[in-house]
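Next, two complexes with subunit A in common: one pairs it with subunit B, the other with subunit C.
Up next, the complex of A and B:
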C-alpha cells in the first residue's frame, strides 16, 4: 500500500502524545498559521469595557486594520479613531508631534467629549525610543478634562515580560486613583466576561452584604473610577494577576487569587480562603458540589464514550478541565493547544501519568492549514478551536470560561455539553465572529 | 490634519495586497511580523480563508530576534516548512519591524531559493502603504518570474485580466461575469491575475492578444507584459451595459492598433446632480463613467484615497488621501457613492452604499453587487 509521506510528515509535526510532550511548549516554534476561529477577545474588545472612553491607535496602516475593524464589527466605530504612522515618521523622528497633534485633531473631530482616551502605541514606538512621557504629559496638560491611558499593541514583545493581553488587563485599571476604602465593596478584575450571578462566589458576597463590582457592570466612567473604593480585588483568571498586583501597589487594594480550577477540593479551598479573608462564616458547598457531580454524571450517561476534544480557548485552565472530564469517565482523545501556563504543570503530569496516549494537537503549526478537518466519528468539541479542527457542529461555544465559575460553573458546563451533544450549531457562522459575548454585526 | 482618521476605517495595507494577489497560486506566503497581521488579513481581508486552502503564514518574530537581527531563524523556519509542504513558490513579505531594522528580504529569498530549489522572492512591504501597492508588487513579480517565455498567440482573440483580488471585487461573481462578458464579445479568457487561474495559466499569459487592467494593482504587470511581449493593455472594468459595450470596443481597438489605452473618459455635459464617489481609481472611474452614460442627469467626481497615476484621473477627479481632504468635497455633493463606513463623514448628503472589502472588510460582504455588464439602477440609497 502506498503511503502519503507528506501527509504523514505533516501529521507528525502537529501532534504529540502527553507521554512524549514537553511542558510547557510541546511543539517546535516556527512559522505560524492562523485558523479562522475568532471568538477570543483582543485589546479593542477589552478596552471598550471602560464606559465613556474613546480608543485611539497610533500604528502603521497594516496594524490598524485589525483594530479598526474589530471596533466596527462590534458597532463601536464611534468610540475608535486612528493615527497612521507613515514612513517619514519613522525616518525623521516626528513621532512625538504626530501623536500629540494627531490625538488633538481626533478629539476636535469627535462629536462628543470622551471622559478617557485609551491611547495605544505599537511595536514601532519601542524601536524608535520615542519620548512617551513627553507625549502623555503634553496631552494631559492640553486636555485636562480627559484622562489618558497608556495602552500597548506590542506583539513583538509578547515573549518579553508581560504578554499584550496581561498588559492590557493591567492598564485597564491604570486610571484608578487612591480613594477612601469602602469595606463593603469588592472588585472582581482580570476577566473579560462577567461572572455568572448564580455562581457561589457571587452568592457568598451577596449573602454577607458585600457589593461586588466588575468593569462589565459599570455604566458610567464614574462607576469605573469608583472601583478604587473597593477594599479587595478578587481575580480568578491567571492572566489578571499582574493587574491585581499593580492595584495593590498603587492603591493599596489587596487581592485574593481564586483560580478557576476544575478540582472540587481546590474550589472548596478557594472559598475557605475567601471567607477567612473576609472574616465571615464559611458555609457548606455540598449541595452545589452534588449538583455539579450529578450534572457531570448525567452528561456522561448521555455522551457515553463519544470522542471529546478540548481546546485552550475554552478556559485558561484547560488541563485542569480536561483532567476533570477524565476523572468523570469522559473519553477525551485530544487537546488543542500550543503552550500551557506554568501553573498547569501538576495537571499536565497527572494526565501524562494516567492517560499518556491523549494527543496534544497544535493550533498554529503551518501543517494544520492543510490537514483534513472532517472526520467520520462523532466528536463533541469543547471550545471553538476544537470544533474547527475536528470539523464538528456539536460543540460547546464558550471562550474564557464564559463567566461560569465554581461548582455552579461546572454544572452549567455539563449542561452545555449535553446540549452540544444533542444539537448542532452553525459552526462556520459562530466561530468566525470576533469577541465572544460582544455585540457583532457579522 | 494629515494621517488622522477620526471617524472612519482605514484601508488594507501592502502586506495584505500581496497575500490576496498570490492567494490562489499554490505558493507559500510568509509575512515577516510578530503576530496579528496574519489574523487581521485572514479575518477581514480574505473572504476565501475558510473555504479555500492557501499557505499564508507569519514568521512570529520576537523582540530578541528583531534586536539581534536574527535572520537565520526565519530562513530555517521557512525551509523547514517548505520542505514538507512543497509550495510552487515562496514569497517573503515585509512589515513594519523588518522595515525598521532593515531586513533584506530579497537576500533571504535568494538563500531560501538556493536551499530549496523553490522560486522565492522577497517583497519590501512595510505595512505603511496601501494594499494597491502590494497587489502591484505581487503581480509584477509574477510576470517577471513566471511569464518568461514568448508563446504563440491563441487563434481566437484572448485576454488576460489583470488586477483581480477580492479586496476590490469580493467573491460576488464579478470575475466570472467579466469572463462571460468577454465571451459575449467574441474574446477568450486567457488568464486572470489572480483569481480563478492557476499558476500554469498565468505562465502562459504571453499567448493573449490584450490585457484588461481592472485595478490599479494590475497596471505594472500590464506595462511589464507590454514591454516584454508587446501585449497592449486597456484599463477599465465593464460596469453597466453601455460602458461595457464601449469598453469592448476599446479592447478590440487596442488589439487592432496595438496601442494601450485608458477606457474611461469624463462624459462631458452639464448634469443636474453632482455626485462624489470614493474608492479605488480604476473601479471608481469605470463605474462613474458607466453611471454617467446611463443616467445623463448625474455627474460624478471620483475621489481616491489610494494610489493612482495622474493619467487615470478624469477631469475633476481628485486624489484625497486624508479624511480631511475627503470631507472638503462631500458636503456640497448631491449624493455620495462609497463604502458604508464613510457614512459618518457625510451626514447631510444622500448616501449610496458601495461596500469595498479593502475598506470595511467582511462587514458588508454579502451586500456587494455584481455590476458587470448589466444595466445599473440607483435607488433608495443603493446602487445595484
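Up next, the complex of A and C:
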C-alpha cells in the first residue's frame, strides 16, 4: 500500500534568487515532475511540418502512447502509423526484418502514397545496434518513389549529445539533396513556428529582392526539396544550429546565426551582420525601435507595478527577454526555468547584479506538483508554465517566441501583454493543448 | 584498407594468433591496427609486453569526449593496439559494449586518422549475440577467418560462427575467408576439420602446430615473432599471414 510520506512541499528546493543561483543549472538534477502544460512542440509536431509526409514509429507499445495521442490530437492520424516491437524481435534479433516488413505493410495499407516517410526508431534499436544502414537501403530500393528520413525517439539520450529536439530539427532537413544554388533564395530554419511577416528581418530580405523560404510556408514536398536551392540558411534559435551546420557540410549552404534576442543593440548587430553578409546597404531601424519603445511604454502604463512572471517556454532566450522587461520598468518577480543556455550568461549576470532578489523557480522539481497555485495578487504571466504555476488567467499565450522577431516582435509582444493584462484566458483549456500553433481536436 | 575479423571458440588461441599475424603483417611493411573485441581486454597483451592499455569502454565511462591517443597505443612492430573492453563484471551487456566501442572508434575517425593498411578484429569466442557479430558488419571486416582445432567444442563453435556469416549473406556483410587450424593434436584432427570445411563450404587457409614455443613466448609476454623470430612457428605465422592476404584480395 502506498503511504504519503510527506504532506508539505519543500518550497526551498524549488526556488532560488538570482543572487544565490548557479549558472547554467540552478537546481539539483534528479527526479522530475512534468506539469500539465503541453503547449511546447514535440517531435511529432515538428515532423508534420514536412508536406505530403507520413510518420511511422517503430517501438514498444508502451512508448507509442504519447506520440499517437499527439497525432490524434492534431487531427493527423491519417499521417501516422506504428510498428510494434515485441519481445521475440529482441530475443531473435529480427529487428531489421520487422522494420522492413512492418514499414512495407504500412505503406501497402495506406490509401495514399506519401512522398516521404519519417521513420522513427527508439531506444530498443539503439540498445541492440540494429543495422540502420541495411534497413534504410532496403526500404529505399523497395520503394524508390518514397524518401525515407531517419528519425529518432530516444529519450535515454536526452541529456547526452544532441537532444531529441535538436536531432529532430536536424533530421528534418536530411532529405534535402545538393541543388544548384539560387543566389536570391534564403532559408530560415530551425524554428517550429513561422516568423512574423511584419518583422524587420523579412522586410530587409524582401526589399533587397531575396525570397525567404521556411518549412512552415512549404505547400508541397517539392517546395521542401527546393529549400536546397537557397544560398544561405538563417537560424535564430540555438536549437537549430546543428541543422544549419549539417546543411553547410552536406549541401554547401553556409549559415548565419542571428540570435533571437530582445536587446536593442544586439538586434541591430544582428541586422548589421545580415546586411554585411549579403553585401547590401544597411538601413535605419529607428522607426521600428521607436514603435517598440512606445508599445512597451504603453504596456507599462497599463500594467504598472503588477507582478510579472516569465517562463522558458515563451522563448529560448528568456533571460534576454526578462532583462528587456526590467530595463523598461516592468516589475518582474519570478522566472520559471530549470536550465539556461550558455549564451545567456551575460544576461544572467546582469539580472543578478541589478535585480538579485528575483526568484528563479523550477518547473520540474518534484515538489512543484503540490505547490499552491492560486494567488491573491494579480499576476501577469508570460508563457504557459508561468501561467500554470502562478495560477493566473492573465497570460501571454506564446511558445518559442511565436516568430515575433526583432523590434516589430517586441512591439507585438507588448500589445499581447496589454491584452493579457486586461482580458482573462481560459487557462486550463489552453495549456493542456499539445503543440500550440498546431491544430487541436481538444 | 583490409579489415579482417578472427573468430573462434574461447581459449582456442585467437589472441596469440592475431598478435603474431599483426607482427607478420607489420614485417611485410604494412601499417597494422589490432582491435581486441573481448571484455577480458587481453588481445594485445603480447604486443604491449604486458603493459596495460586503457580500454575504449573504461575511457568512455570516464570521459565521453576522450582523445583517440588515450585508447590507441603502439605495440611491438608499430602495431596500433586497441582494446574494446567490457562492462563491469557481472553487470551490463558485453555485446552492447563491443558495439559502443566499435561505434566510438568509427565516430572518432580512428581508421581515417591512423590509416592502417590492415585492421584485425580479435573477437571473443562464439557469436553469442548481435554485439559479437558487429565486426562482421558492412563498414567493419570484409573477411572473417575462424580459428579451430579438431576438438569437438571448437568445431561446434566454428560451425555456429559460419552459420552466422551465412545468415548475413544477403546483407553485404563480411565473407568467410576460411579456417585456421590451430592444432591440438587430437585424434583425426585433419579429418574432422576437413568435414567441417565441406559442411560450411570453405577451406583451411593455414595450419599452426601445437608447439611449446608459443607458450614460452607467452611467458615472456612477447609474440613468437619477436621472441623466436627464427623458429619454425614464426615461419608458420608468416606463411599464414601471406595466405590470408591472398584470401582477402
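Heads up, the rule we're going with is that the second predicted complex is superposed on the first by the 433 of 442 C-alpha atoms of A that agree within 3 Å, B and C clash if a C-alpha of one lies under 4 Å from a C-alpha of the other, contacts with A are read in each partner's own complex, and residues count from 1 in each chain.
Keep in mind that, in the parts below, contacts are C-beta pairs under 8 Å (C-beta built on N, C-alpha and C of every residue); 3 or more make two chains touch, one makes a residue touch a chain.
For clarity, every value in this text was computed on a predicted model and none was experimentally measured.
Applying the stated contact rule after C-alpha superposition, one finds that A:209 touches neither subunit B nor subunit C.
In the overlay built on the shared chain, the residue A:144 is in contact with neither subunit B nor subunit C. In the superposition on chain A, A:127 contacts both subunit B and subunit C.
Applying the stated contact rule after C-alpha superposition, one finds that A:342 touches neither subunit B nor subunit C. With both structures placed on the common chain, the touch criterion links A:93 to subunit C but leaves subunit B unconnected.
Of the two partner chains placed by the overlay, only subunit B lies in contact with A:36; subunit C stays clear of it. For subunit A, the partner that touches more of its residues is B, with subunit B and subunit C as the two candidates. Of the residues of subunit A, those at positions 127-128, 160 touch subunit B in one of the two structures and subunit C in the other. Every residue of subunit A that touches subunit B in the complex is listed here, in rising order: 6, 9-10, 13, 29-34, 36, 38, 60-66, 68-69, 72-73, 77-78, 81-87, 90, 98, 101-102, 105-106, 109-110, 122-124, 126-128, 153, 155-160, 366-367, 369-370, 428, 432, 434, 441-442. On subunit A, the positions that touch subunit C within their shared complex are 93, 127-131, 133-134, 160. Across the complex, subunit A is touched by residues 1, 3-16, 30, 33-45, 49-50, 53-64, 66, 76-78, 80-81, 84-86, 95-97, 99-101, 126-130, 341, 344, 360-363 of subunit B. Those residues of subunit C that touch subunit A in the shared complex are 64, 93, 96, 99, 103, 129-131, 134, 137-139, 171-172.
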